[in-house]
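Each of the next two complexes has chain A plus one other chain: chain B in the first, chain C in the second.
Let's turn to the complex of A and B:
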């Protein structure tokens, strides 16, 4: 793939991320975030890491978006007046974000920075099963723990809502 | 075998959630307390001949875990504070279901902290830091009151920023080392010292850890989180969580990965001194007891970082000893604050007075905790501060040593202010019926106060057994 297509993907991803921060409704923010995540997955695939791309697409763009949208569906929508006020406040608060992004993009494309880090060869097996079950199994236990903690958090906060 | 420190609490969490609630609810506190006691016993009585089943289990799970004197002190501190927390919780959380959830989250926090202190792999370290962090957010917001939610939100916010810094740094570390073990990264950092990207990564990682440690000026979340959290959670947060995820990790990563360069020493000592002085000055201006203790914690963390930053074996030992002492005296003071809040319903010291005659045990133990914090002999805090000052002096840093001594005077000033406002003088109107808190708070109060006195008197025992072996690490 040509480098220009990659730049286009990165540009679209940045715009989606910006949209996620600036959008006037939570729902659009969640969708913009999913979009940014999907574009990140494509860039990972292009960079030769299909496994990371699949994880990013299924967990971040898929699962997390579902969780966000389910939560948003429990909230009350804002009135037109509140929405306009929110848009006004948002623009007032974050007007500098697009400016910073633009300046950053110009600087990064004009100034050539060389970091001079030699990435060493790794002996990591290509098979994900080997990586997860033989090399990083402590991290898999960590993921189980995070899921347990998360489920306690959800049951704690959502049960109260149910009682109300 | 070391994997049991992670597997046991995790397995217990799963088991208590499978068994019928009627059976588990009355026992959950005792079960978590037992896990903490087993952990303390394992530190003092390491098994030389493990059982066959344990050996088989150890062979099954080959995790990159290791133990040294720094780890042992942390495991002991975690055991002590978790036992105190769960006992205090019996008195302060009356709803059975909420206590069950609290106990489960304490178990998961314990697992996370044990992982943090045992792993020798930078990515696993990050995973366990997150486990501890997420469990702590939920614990802070456990009672869903506005103070708790605000404290948890600030903690999440600061923690997320710290995570971004640390994860970015880990990415660069892995990129330059091609592996995630501490050894591989240390070698890679040494090979590419002076590389701007690596220096940026080190700075980002340390900034993240300063945030998690609550060092000034990255302390914004500490007073609100400690104040807003339910009382037993404040005990655990101040006593050991912040120390494990922030201070311990800072010590471990500097010692095992980054190394003591003159710049790192300067940064550590600089932030240490700022925290000591500004934390103590901020504590002097507080009227809310829990906020005073929170600022006091920030100041004491400064002592630990300053001592470690001087870069000598004695400095490391002093930092380690003060970290253990801090777990004892700050847990005691937060248990005292919980007793006072339970008895009076107040946190504001301006509205208290003369409680010493109504709550003599709480008053006496709070006095012990306060004097130990200020470094007054014969309490344990005196010895750790003495070691810190001597280490600074021996390292040729007399100015830092003098600041450490003078800041102790400030500590004494705010601790005496706390004593005067809360316990001394005539009992105020409305406090005539006030009595000591119940068993769940009195037992940890007495045990912690005795530990501070005992450790002060038997100082050489613990110092020589646990702290000085850092000489071998050096």
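Let's turn to the complex of A and C:
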């Protein structure tokens, strides 16, 4: 893989993140976040993590975007007066961000940091399924518990009240 | 550590820093609760990218993939519960503006 491909993917991802922040409409912001997720999954695939890339694409770019769009559609749209006020406030708030990002990029490129980390040899298997089921199996138990707790919490939020 | 892997780590850290700046700025500047959640998502993306880059550099992609999968599961549950809270807040207060939520103010 060429490093230029990595630079292009990362640059597009940063632009998507910037679009998510700068977009006036919440819907466009959610779509920009989905674009950033899709680009992140491409970069994960390029960096040799295909299984995590599939998870990222299906869950983060797909499911979470659907959750955000459902939430946006369930909440009340703003009135015309609120919308005009929001546009004015939005421009005032967020025009600093591209400037801050540019300054941050210049500072980070001028600071010379070198990493000379010696990674110790480990007996971790090269297959992610072996790692997940034999070494990090407590993580799987934790994931199941978190999913159960999350579904219990969401069901509590949307519980229908029975009227007598 | 191969030279290609080591040359990829610094650019990855650079873009992770930019994503962190964007996410933190979004969370700090906005009052809309859904936008706060989108900012949290941006921070999660930065962490995911850093983990994947670290796995690529250290040659332990399998271990890092398992951590990333755990992170994604936690991310989904956090977002699902948080959006449920946001919808509940909107149903009670008819607003998503955090400045107008003063029910607990003493």
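Couple of notes before you dig in:
As a convention for this text, the second predicted complex is superposed on the first by the 148 of 164 C-alpha atoms of A that agree within 3 Å, B and C clash if a C-alpha of one lies under 4 Å from a C-alpha of the other, contacts with A are read in each partner's own complex, and residues count from 1 in each chain.
Throughout what follows, a residue touches a chain if its C-beta (ideal position, glycine included) is under 8 Å from a C-beta of that chain, and two chains touch if they have at least 3 such contacts.
Because the structure is predicted, anything quoted here is derived from the model rather than measured.
Contacts of A:27 after superposition on the shared chain: neither chain B nor chain C is touched.
By the touch criterion defined above, A:149 reaches both chain B and chain C.
In the overlay built on the shared chain, the residue A:127 is in contact with chain C alone; chain B does not reach it.
In the superposition on chain A, A:104 contacts chain C only, with no contact to chain B.
When the two complexes are overlaid on their common chain A, residue A:87 makes contact with neither chain B nor chain C. Look at A:141: by the touch rule set out above, it reaches chain B but stays clear of chain C. In the superposition on chain A, A:69 makes contact with neither chain B nor chain C.
Of the two partners, chain B and chain C, it is C that touches more residues of chain A.
Once the two complexes are laid over each other on the shared chain, residue contacts for A:157 go to chain B and to chain C alike. Where the contact sets of chain A with chain B and with chain C meet, they give residues 115, 117, 119, 122, 136, 139, 142-143, 146, 149-150, 153, 157.
Put simply, chain A touches chain C in their complex at residues 1, 3, 6-7, 10-11, 13-14, 17-18, 20-21, 26, 29-30, 33, 36-37, 40, 43-44, 47-49, 51-52, 55-56, 59-60, 63-64, 67-68, 70-72, 74-76, 93-94, 96-97, 100-101, 104-105, 108-109, 113, 115, 117, 119, 122, 124-128, 130-132, 135-136, 139, 142-143, 146-147, 149-150, 153-154, 157-158. Within the complex formed with chain A, the residues of chain B that make contact are 6, 10, 13-14, 61, 63-64, 101, 104-105, 108, 111-112, 115, 119, 121, 123-124, 127-128, 130-131, 134-135, 137-138, 141-142, 144, 172, 175-179, 188, 192, 195-198. Within the complex formed with chain B, the residues of chain A that make contact are 115-122, 136-139, 141-146, 148-150, 152-153, 155-157, 160.
On the side of chain C, the complex with chain A involves touching residues 1, 4, 6-15, 17-19, 21-23, 25-26, 29-30, 32, 34-35, 37-39, 41-42, 45, 48-49, 52-53, 55-70, 72-81, 83-88, 90, 94, 96.
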